[in-house]
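Read from first to last, the chains carry the letters A, B, C and D; within each, the first residue is number 1.
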Amino acid sequence: MTGLGYVVVGLVLAAMGIWGVVVLAHPLRKLLALNILGSGVFLVLVAVADRGAGQAVDPVPHALVLTGLVVAVSATALGLVLMLRSDDDRAAPSRDQSDDKGVG
Amino acid sequence: MKRRHHSLEGWLALLAGLLALGLVAAGVLAYQADSPGLQDLVVRSLAQTRVDNPVTAVLLDFRGYDTLLEMGVLLLAWLTASTLSGPSHERLVRPSARLESPVDGSVDRMLARLLLAPLLLVAAYLLWRGTDAPGGALQAGAVVAAAAVAWQLGSGAESSVTVRRGYWLAPAALGVFLLAGVAVAVVTGTFLNHPQFAAREVMMAIEVATAASVAYILAALFACVLNAGGNGK
Amino acid sequence: MPLGIDDALPFAVVLPAVAAVAAVVMPHWGRAVGLVGGLMTAAAVVVIAFGNRVGGPIRYALGGWPAPLGIELAADGLAVVMLALVATVMLTAGVYALRYFDHDGGAEPALFWPLALLLWTGLNALALSADAFNVYVTLEVVSLAGVGLCALGGRGEAIVAALRYLLAGMLASLLYLLGVALLYVEHGTLDIATLAQVAVTGAAGFVAVPCILAGLALKAALFPLHFWLPAAHANANAPVSALLSALVVKAALYLVLRWWLAGLGMGLGPILVQLLGALGAAAVLWGSVQALVAARLKLSVAYSTVAQMGYLFLLFPLAANPTTASTAWAGIVYLVVAHGLAKAALFLASGSVLRAHGHDRLGELAGLLPRSPITKFAIGLSGVSLIGLPFSGGFVGKWLLLNAAIVSGQWWWVALIFAGSLLAAAYVFRIVALLFAQSESPIDVAPQHSPMLMELPALGLALAAVGLGFAYPALESTLALPDMLGDHAR
Amino acid sequence: MNLLLGLADLVLGASLIGLGWSALCTRDLFAGCVRFIAFGLVMALVWARLRAPDIALAEAAIGAGLTGALLLAALRGIGVSGWARPGEDRDATEEPRP
């Protein structure tokens, strides 16, 4: 039952993250939302690996999540650098995206 | 105008709610399938790997290829971030991180230095024990990076030398991984198939290089973010 | 133990990665390392293609651990097509880059080769991977390499575009991973061949499959998820735009094809199938109109990518019918390759125009290309293939799709293909007319002559795109792909 | 014992959702980032609870530690300095919404 509970929490976090990336405007918030989405996905994977007290833990999702964590932090750092740099280049303000705005 | 914003937000929130419901429903249904997972297969194959910690076995042996590509992701993030965060947008295969401490004060400094030794010890322990107990290259690297970040906060300019001198550490993990993979392919005929007689040594080499690269790159990425925002307002 | 043909599979990933590491460690030798590494990688691809031709699909268990515990590489006909397209465009763009970056000098060359080689690593790994999670990692490699290359432009717009590209890319990969995680929860395996078949029948599939498809559609810039593409592709350096447009968006589409081929496609409902086709149709129309009104040459070419990616999603409605599946399939593969070659050629040629005149504003380009007949010819030829004029590669692809649409009685897609071709003709002729026009006013600044090493690669790719059409009789048997479709198609 | 564990799960799950939500929705960027760091710490506890010590270790170092440091460094770069101005409107630093 523990596992199922955390699967549900993970999926709610994932939905929240997707909502945040689409709706929030500031790139820093988008990065936070992406990290929450990632945490949600990881939580689903790890929660299902733990099938309860009697059973062994499935180590494969654990390894996947470790990989995912490192990927997430490096992409986040790159995103932050890009955000700071685009902030610097005020000459081309980020609002001037002539084509479609909206999601993303 | 304002009202339109609100109605749009309402629609998006509704959509997100539906998405959450769908996801949760799918999750519950999927969980009920009660699939066995791969743990039995891992346990059965563990004996052939000379590693006792199943997670380390998956990371470095069964799915070592994932970890190899992951080192590529780290390298990519570092390459771009360090290029962009340089003083001018110049070549930056060697990042020249101009580190300023955002926190000034001797207490922080003391604290950072006090933290350093135990953190490094923890990292060494994690790396050493990682083959048998929880821990391993990624965690050890992350802890060293955290220690380096604490040190950077505490000590300011000196660390820029370390960041610049150590740039070759960034591609080290990918390089060692590839070399080891090709070397064992020549011996065993299969890429990344560690031969029985040297499995532990090969894996140890990969682990040390991975820890070093992860530590260096994560610490350097922090320096890049500091640097990119360095002339902040 | 001696290395066999099968070992070319890991080496197609290892060789560009080794070259990338070497290019990072020895930045001054980037070009030499890049070209040597590139040629060796291309050799590995040739070996794989040969092995595939002789012995059929190849599977390779990395580390000696077969799926589901380990990760397997697989090279079937589709993978070989992708590998070959990647190698061709990569090598050509690499040669072009030799002179392109010469003029600007400074920062770019040092970083171009490591990033391009890592991109190649990621693309080859993605093409060969048979494991759903491994695909996620390769997607991240491709996406971060793309972002890095895109930011190489260094100016404000390029960085803003790179940031949007990164955010969209991260969202897309995480959506994909969310779908894969749900499937793992239910089925306990990461092998694509297994998952694709059980996904649709399983209980969680109704959410997991849309998640995977949405993630990949965002990466492939399918309308209306294309918002990140035009700025990213138009503001990058010319060789980078060529790589992004010809290869990176195709990588996501390739994964859609891979999952479809493994059995996902046959299980999708008729409504979802038509919906995906409708999105493709919207992409064709919207992208073409935007390409027609764009003020800048590269922006126009970038929107044309949005349009051309739309055709590829016609796979879903046209191949859902078992009788036309094989024809539609061959048409899609043909269009993928033809568009990749033509679009790369067009971006490389646009780079030459930009270099010669210092800008690419279409309004001011009239008659400004008197001394670059090769570039003009390259633009014209790639335009021929984009429109689908006989007997170019684009023509064969569209012809096959038309056949599939008529035979399966879906006349509305026939109308779409004609409309799309007319619009493509309009935006291509607009560009060509400007370039070939006689200038009325005297030119103040004589445009620079672009170097041969930049003009010839573009022409080569354009010729290949057109020549692909003439090669159809020879390729027909290979492209029929009956064994690829396997049992579930019949 | 089981009841206690169940209660702990409930608290952990609820605080994950609560912290995640407020990290996204507080008006102040700085406060959002601090919530996110707290989110990472709770996440590390959850990993330990789910018998994943390897991930708990990594999350403590990466998720809470490094990501937190990165976020704070970035905030400093865009001139959001935290404690002083909690009332600073989010919209002031953000693009207008489409």
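Here is the rule we use: contacts are C-beta pairs under 8 Å (C-beta built on N, C-alpha and C of every residue); 3 or more make two chains touch, one makes a residue touch a chain.
Note that this is a predicted model, so its numbers are computed, not measured.
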| task | Can you check how far apart chain A and chain D are, centre to centre, with Cα atoms defining each centre and the answer in Å? | result | 12
| message | Centroid of chain A to centroid of chain B, CA atoms only: how many Å? | response | 16
| said: I'd like the Å distance between the centres of chain A and chain C, where a centre is the mean of that chain's Cα atoms. | reply: 26
| remark: chain C to chain D, mean C-alpha position gap in Å, rounds to 38
| query | What positions in chain A touch 2 or more of the other chains? | reply | 3, 7-8, 12, 14, 16-18, 44, 48-49, 57, 60-62, 64, 66-67, 69-71, 73-75, 77-78, 80, 82-85, 87, 94, 101-102
| Multi-chain contact residues (two or more partners), chain B | 23, 26-27, 31, 37-38, 42, 55, 62-63, 66, 70, 73, 76-77, 80, 84, 138, 142, 218, 221-222, 225, 228-229, 232
| said: Where in chain D do residues touch at least two different other chains? | reply: 54, 58, 62, 66, 70, 73-74, 77-78, 97
| task | Considering only which chains touch which, label the overall pattern as line, ring, star, complete or other. | result | other
| said: According to the definition already given, which pairs of chains are in contact? | reply: A-B, A-C, A-D, B-C, B-D
| Inside the complex, what are the residues of chain A that reach chain D? | 2-3, 5-6, 8-9, 12-13, 16-17, 20, 24-26, 28-29, 32-33, 35-36, 39, 42-43, 46-47, 49-50, 57, 62, 65-66, 69-70, 73, 76-77, 80, 83-84, 87, 94-95, 101-102
| said: Using the touch definition from the top, list the residues of chain B that touch chain D in their complex. | reply: 5, 53, 55, 102, 126, 134-136, 138-139, 142-143, 145-146, 149, 153, 218, 221-222, 225-226, 228-230, 232-233
| query | Which of the residues in chain C come into contact with chain A in the complex? | reply | 69, 133, 136-137, 140, 144, 147, 151, 155-157, 159-160, 162-164, 166-168, 170-171, 174-175, 177-178, 181-182, 184-185, 190, 224-225, 227-228, 230-231, 290
| remark: The chain D residues in contact with chain B across the complex are 53-54, 57-58, 61-62, 65-66, 69-70, 72-74, 76-79, 97
| task | Mind listing the chain A positions that touch chain B in their complex? | result | 3-4, 7-8, 10-12, 14-16, 18-19, 22-23, 44, 48-49, 51, 55-64, 66-67, 69-71, 73-75, 77-78, 80-82, 84-85, 87-88
